[in-house]
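Structure in structure tokens, see below.
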Amino acid sequence: MKAFKATFDAAFEEDTRGLARAYSPFIGEEVNRFVHIHQGPEDLVAKVKLLRKLSHKVGTCFQRCVGWDALNTLYIVTGKIAEREGRKEYFNRFLEYLKYVQRRDLALAGAMTDVKGVRTLRPSEQPNRDAYVHVVEERADGIVVRGAKANITGVAVVDEVVVMPTRAMTEKDAEYAVSFAIPLDTPGVKVVVGRQLNDARRLEGGEIDGLPYAFNHEGLLILDDVFVPWERVFLYKDWRWASQFVEIFSNYHRQGYAGCKSGLGDVIIGASYGLARRLGIADKPHVQEKLTEMAFLNEAMYSAGLAASWEARKLLRDGGWWVNPMYANITKHLVARFPYEISRLAHDIAGGLLGTAPSEADFRNPELRPLLEKYLQGVPEFPAEERLRLLRLLENTSLSVAYLIESVHGAGSPQAQRISIQRIYDLQRAEAIASRLAGLKAEAPADAKAEPHRPAEAER
Amino acid sequence: MKAFKATFDAAFEEDTRGLARAYSPFIGEEVNRFVHIHQGPEDLVAKVKLLRKLSHKVGTCFQRCVGWDALNTLYIVTGKIAEREGRKEYFNRFLEYLKYVQRRDLALAGAMTDVKGVRTLRPSEQPNRDAYVHVVEERADGIVVRGAKANITGVAVVDEVVVMPTRAMTEKDAEYAVSFAIPLDTPGVKVVVGRQLNDARRLEGGEIDGLPYAFNHEGLLILDDVFVPWERVFLYKDWRWASQFVEIFSNYHRQGYAGCKSGLGDVIIGASYGLARRLGIADKPHVQEKLTEMAFLNEAMYSAGLAASWEARKLLRDGGWWVNPMYANITKHLVARFPYEISRLAHDIAGGLLGTAPSEADFRNPELRPLLEKYLQGVPEFPAEERLRLLRLLENTSLSVAYLIESVHGAGSPQAQRISIQRIYDLQRAEAIASRLAGLKAEAPADAKAEPHRPAEAER
Amino acid sequence: MKAFKATFDAAFEEDTRGLARAYSPFIGEEVNRFVHIHQGPEDLVAKVKLLRKLSHKVGTCFQRCVGWDALNTLYIVTGKIAEREGRKEYFNRFLEYLKYVQRRDLALAGAMTDVKGVRTLRPSEQPNRDAYVHVVEERADGIVVRGAKANITGVAVVDEVVVMPTRAMTEKDAEYAVSFAIPLDTPGVKVVVGRQLNDARRLEGGEIDGLPYAFNHEGLLILDDVFVPWERVFLYKDWRWASQFVEIFSNYHRQGYAGCKSGLGDVIIGASYGLARRLGIADKPHVQEKLTEMAFLNEAMYSAGLAASWEARKLLRDGGWWVNPMYANITKHLVARFPYEISRLAHDIAGGLLGTAPSEADFRNPELRPLLEKYLQGVPEFPAEERLRLLRLLENTSLSVAYLIESVHGAGSPQAQRISIQRIYDLQRAEAIASRLAGLKAEAPADAKAEPHRPAEAER
Amino acid sequence: MKAFKATFDAAFEEDTRGLARAYSPFIGEEVNRFVHIHQGPEDLVAKVKLLRKLSHKVGTCFQRCVGWDALNTLYIVTGKIAEREGRKEYFNRFLEYLKYVQRRDLALAGAMTDVKGVRTLRPSEQPNRDAYVHVVEERADGIVVRGAKANITGVAVVDEVVVMPTRAMTEKDAEYAVSFAIPLDTPGVKVVVGRQLNDARRLEGGEIDGLPYAFNHEGLLILDDVFVPWERVFLYKDWRWASQFVEIFSNYHRQGYAGCKSGLGDVIIGASYGLARRLGIADKPHVQEKLTEMAFLNEAMYSAGLAASWEARKLLRDGGWWVNPMYANITKHLVARFPYEISRLAHDIAGGLLGTAPSEADFRNPELRPLLEKYLQGVPEFPAEERLRLLRLLENTSLSVAYLIESVHGAGSPQAQRISIQRIYDLQRAEAIASRLAGLKAEAPADAKAEPHRPAEAER
């Protein structure tokens, strides 16, 4: 809840106000950046910079990126349908919805990942027909949808949720090619919040063990025959456009990980350094080496995200600024690996007490407290409580769903990035380059104008 | 508790009985291997094989290795003092204690790691004089000790605890060079059990979320002026022998990690494979690649431990079988790295639901249950509950203190292994080898009989 | 030589003309980009893009980057001395030299790395006074310098060489704080070209084994009492500015590695893919995984370089566009690791024949040729000679000084980047972020305006 | 040649005599271990220890292991055919051949890898019928064979070559299921020696650049209708036994890599340390870290090989001692990765001069020599020539076919090990272990007697 609130506070706090606001040409005034449609590469750069700063404030996922990326995705996909096919209805509906959201600064979840049933089957082939969200009834005033979306970030706290298709579809899957927005309190919507590591400790309250800083919600969104009025339907059985949804959304979201996860990395590096100082080892060469390695890995993730932003591309005639898909995938693929390495190094520096530190209750126990203060203290100028607090913070960031599991699976699991990288990287072009150098006669010279890697065209 | 109990059950269960028992020449009968003094390389090999199997039974640390390694360490150190210096008192006391322990199959904790205060200062230089356990009074019938030992595995469940010095000492540190054994209920002993990830969930009860399988205890042992009778004192101000304690104990313990952590690795690989089957992806090439990589990393740790065992050395005239220190360090250093990689791969296979799966309470809720059974099911022949159970098991093994933090810090943090490796590996010998090949005239030929790496002599 | 020539040809070839030329405000006309002073972030981005493309044309280092980076460094350092201290002489001399170079499109080497003698001693402390290049005589018309510079890229083919100091200096080192430019045929200049892997094969001639594509020169530049006229002296005993030289130059050069090494990576990936096709294994899942991993590593290096370029900073009032030093260091540190991994994967795909393929002479032998054509052929549509050519290309790129050793040591060895990363990354700021989250009372809140990482100020 | 000779010298040199000789029960006397049939785990351990020491003497591959492993493979395979099928002819022939080889201490090459044509096709499916070695004619006195074997180590120097099938076969492939031994000078045998990195330098002669230490031969063996008498035929169209050949041989050979490659690692670590001392940086923490990392990686490979040896298994009633296949595969898979990492670290320590050091000719040039001696010297007590010699040694070991490409592809490429690991590691058993812990009802309890990993049965 606190994490979520930070996305609103950021627009008013001195250090983030500049990044957290942006001018919306749609309503002609400043909006919270979390509901902004990117107007150029600078906006995409501002996104990753803002996310890094927000991670510093909350120490976990702040849960509004998915909805934000969903808005930008809808803007492009509905805009493209208008441009390519002349069908402007979706686009107009979306613009109305966008203004509604921007004016109220609504918090949105984005829901893409279906529960999927048997992973190797298409939606229409599933034994469970509801394994993917689909239309079960068409009415004059709207549609009725059924299914469930998994791993939905922020699902317990947002105002509305934007639902999108999760994969490329064929004609047979048409009823599954559906996108819409609904308030969370719509009849038929059921939310099952998932467990997070250490979640039960929160009930203990307490300033230290109650995890007063870091918690986010992710969960299952069940749509149990939910009615959606036409003005909130942004894709309806247009199965040809489903793959675009996925590609555009997922690359937006992959880019964003550069910001939030490097921000969490800063928290982890900072806690590790703070602990090293309290143990008196901050200047030891091997500790310095580890801190430097952590910073290196952290900045490597971040720099890829900056490249994905600066090398943005414009997908609509009048905007539709999207990330560079190759570097967005590189970003996320680095994020899917490096946090485990950073956590390992943090644990190394923090010492074994990270796994055996006493509870806050024991620490507050008047009989034990003097002994714990005496024996948990390292360098005398730092009270033992500081060490305990930093250990608990490090435990709950370096071993959190937000930092580890989300880094692997958010915005698509690692294999999804590998498939993207494989598709974008032009092996034929690389072979032509090598063939020319090796003096192969038969090989036609590579097209002199081709890029070293031909970017995936969203327009395909 | 269950984990701990397994060490006793193993001696009676069909699949482990052979490994879990051994003949003790000290009392002339079979004993539980966890109180056995190794009689040859085969015993050391049996240790790692037993530990791997026990991990399969409990899914966490079973908490008796430290005490076992402490017994073997005391056997060698007191034995060496007797052999080298003719002082047989420690050795005789220890043998009496050993028989006492073997006859009763007592569970022992081993306590080595002091709280250490300022890490860069010796015990006698600390601002807090009690930062290392030390003798505060000598009496006719025994000694009084004060201090605290951290990260003590099994501290809440054992019968007795064996205390050992944690580092090399100088003459000024003599009062800190002390080793002894005490029952846990000795006056002045205070135990503060540390928190474990997800510990609070256990209070919820429940078959799934209550973590019915895996839990171990680690914590802080405070010795608040505790009296120890002379017959339980195994080292007293003999500061010259402190470094031997550390070296012998830590290498025993480093070897053992080959068994318990690869056993946990089997659990994690098995849970990942089980989940992959329930998602219908077990045969996908990238999933097969990941499972194979996990098996590779797991068996690499194990094979180093086997080498450390088979290449054992004899430190006493009539026994004192110790591990090969180089390979014991290699084992532990691999263990300090690979589990994070194995966990990452497990999370990759398991899918994002690992971080967002619903609670058992929600799953038991009669209204939600049919929906959850419907939407959490993958391949139809497996009920959703199996998936939930495997996810929860994977969460609580792959993200546990036992598998991650203990793998980094147990038996000494990674830097301790690096220092050992650096000391054992003979750089001068390697330079001589290279110099001869390069035709360097000046370089004296390397001693033709020297080993490629000269083993650390415990006798130093 | 061919590699070097490519830098001139690029300005005329269709696919690189756009990137390879730039408008110079100093002479008011288009120049070869290799002598251009960067006028904004776009120029820095163009640099890495050009370098990647040139690597495709030559398959090795093209040897003009160092001189180019030296020009831009001199522009900033002499410009700063003018701005800060009002001493405009160096700047004016440099501008004259720049115009001279731009008008003639001169090829420059940059010489920074001294031979250094005992690495742990400063220049003035060395037993060999000439271990660093220094002034041995001051004359009315110029100075006389002595010493040697090591690892000088392109030293055998350039027109002139720009000499720069290699480290921070103290007042005692003043005579070593010297920068100047000289034609390579100046009296007293001696060049000793170093060996490259497989260099002797070139003498065999031959289209395949004679390495007709890839060769670069690196070597030792000895300055045996060389006279330099004042108009070519750009720093003279101004020891306080020596560290700036190093920092500004090395970060320019670190950024550049994103381009040239990812370009070589494309060649290696292309050769691997070409070989996989000839073996009939290009579609095997494990081969696809390896190719994707190579592309991922390659693009990760490149994306960091793009970030270093786009996040450029302006160091002079009217220009002096420099790279972002954090991301430049990240770039180079990735480059110091990933090529070994890429080479390993390439070797894996290529098969063992990479190390055992017959010589061109054997292949041309009329008796052997039919047998070799028969037995070295994989998939029938590709002649065996193509496979042999690709193997030889892969050998001489994936196991080359340019791809491996230069990637480790160019622009400073890995430890130099680590020191930079450690200095730039703000650990105090990170600790403050963590402390605030952990609720530490004592910790002053971090300066709200500070950047998550405070960039190294060249102005220090 | 020198490398090869070392295998004979070892039997007489003081430091290796013990390891290099063994008692052969077949001829009742001591033999060179390189023609010995292993009589127990100790012999397998002695193998890896001997290979490590021999690497120290030669700095490259010594080329007799393949033939040695081929002998032990033939012993088991022909022995099994005798035991299982009662056909003793192959076994008797082999024993005669073995005695012949042992009495003469013959040097053997082993030839397994066929040229293979299209990799995805079986021998009988190839467009080129000769892509695998096969029988083309059966005569009264023997057979005629045709085909070619690639990557044959030592092919230019051995006395005889033992040919074995390279893959599992079906009945249609029967003519390809053939094993035999022939002297290298048999009519129709053609050898094409492959190129090695820097091979052409050898022609320069010279003590430094002429690579007086390290060179090995690998190449292509062409069998152009070669006659083999029946007494040298050890398998003839018995296609069912082909897969055993591969599995038994390759695991023997995988185990051996623990010795030879860790021995090369010692040379590389020693050269790096020697260079660090000459630069005055041997005590710098980051250099110590790198040397320790190299030692760690090197000993990890070695320890896996020891485990593969100690955990040997007996495949025949009266012997046939084979390695543990899981650990043999772990060994080789570590070897397929770590040498690239060790080389990278070596290059890091050695400095950029590794890639730019002058030629011996320049160093011998009387005019240049004083300058080179002056400028290449680091720490004064070491002459510059020592540094040059160590650099050249490091170049020719750390960037050699023997250390890199052979480490990837020798004894089967990495994918072959992965397939073996996947087959040996029992995923079903691991799932059963996890299922029991997770409380899955449906899952049958794992067979209590099953091994944690069920070893591959060669007997299948």
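Going in written order, the chains are labelled A, B, C and D, and every chain counts its residues from 1.
Here is the rule we go by: a residue touches a chain if its C-beta (ideal position, glycine included) is under 8 Å from a C-beta of that chain, and two chains touch if they have at least 3 such contacts.
What you are looking at is a predicted structure, and each value in this text was computed from that prediction instead of being measured.
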Stepping chain to touching chain, what's the minimum from subunit A to subunit D?
1
Quick check: more C-beta contact pairs in B-C or B-D?
B-D
Specify the chain most distant from subunit A by Cα centroid.
D
Computed distance of Cα centres, subunit D from subunit B, in Å:
36
Report, in whole Å, the distance between the mean C-alpha point of subunit B and the mean C-alpha point of subunit C.
48
For subunit C, jot down the residues that touch at least 2 other chains.
286, 289, 418
Within their complex, subunit C touches subunit A through residues 13-15, 52-53, 56, 58-59, 207-208, 212-214, 263, 266-271, 273-274, 277, 288-289, 291-292, 295-296, 299-300, 302-304, 306-308, 310-311, 326-327, 330-331, 333-334, 383, 386, 389-390, 392-394, 418, 421-422, 425, 427, 429-435, 437-440, 442, 448-449, 452-453
The subunit D residues in contact with subunit A across the complex are 285-286, 289
Touching residues (chain side subunit C, partner subunit D) in the complex:
113, 115-121, 127-128, 130-131, 148, 150-152, 190, 192-201, 203-204, 209, 218-220, 222, 224, 279-281, 284, 286, 336-337, 340-341, 343-344, 347-348, 351-359, 362, 368, 371-372, 374-380, 395, 399, 401, 404-406, 408-410, 413-415, 418
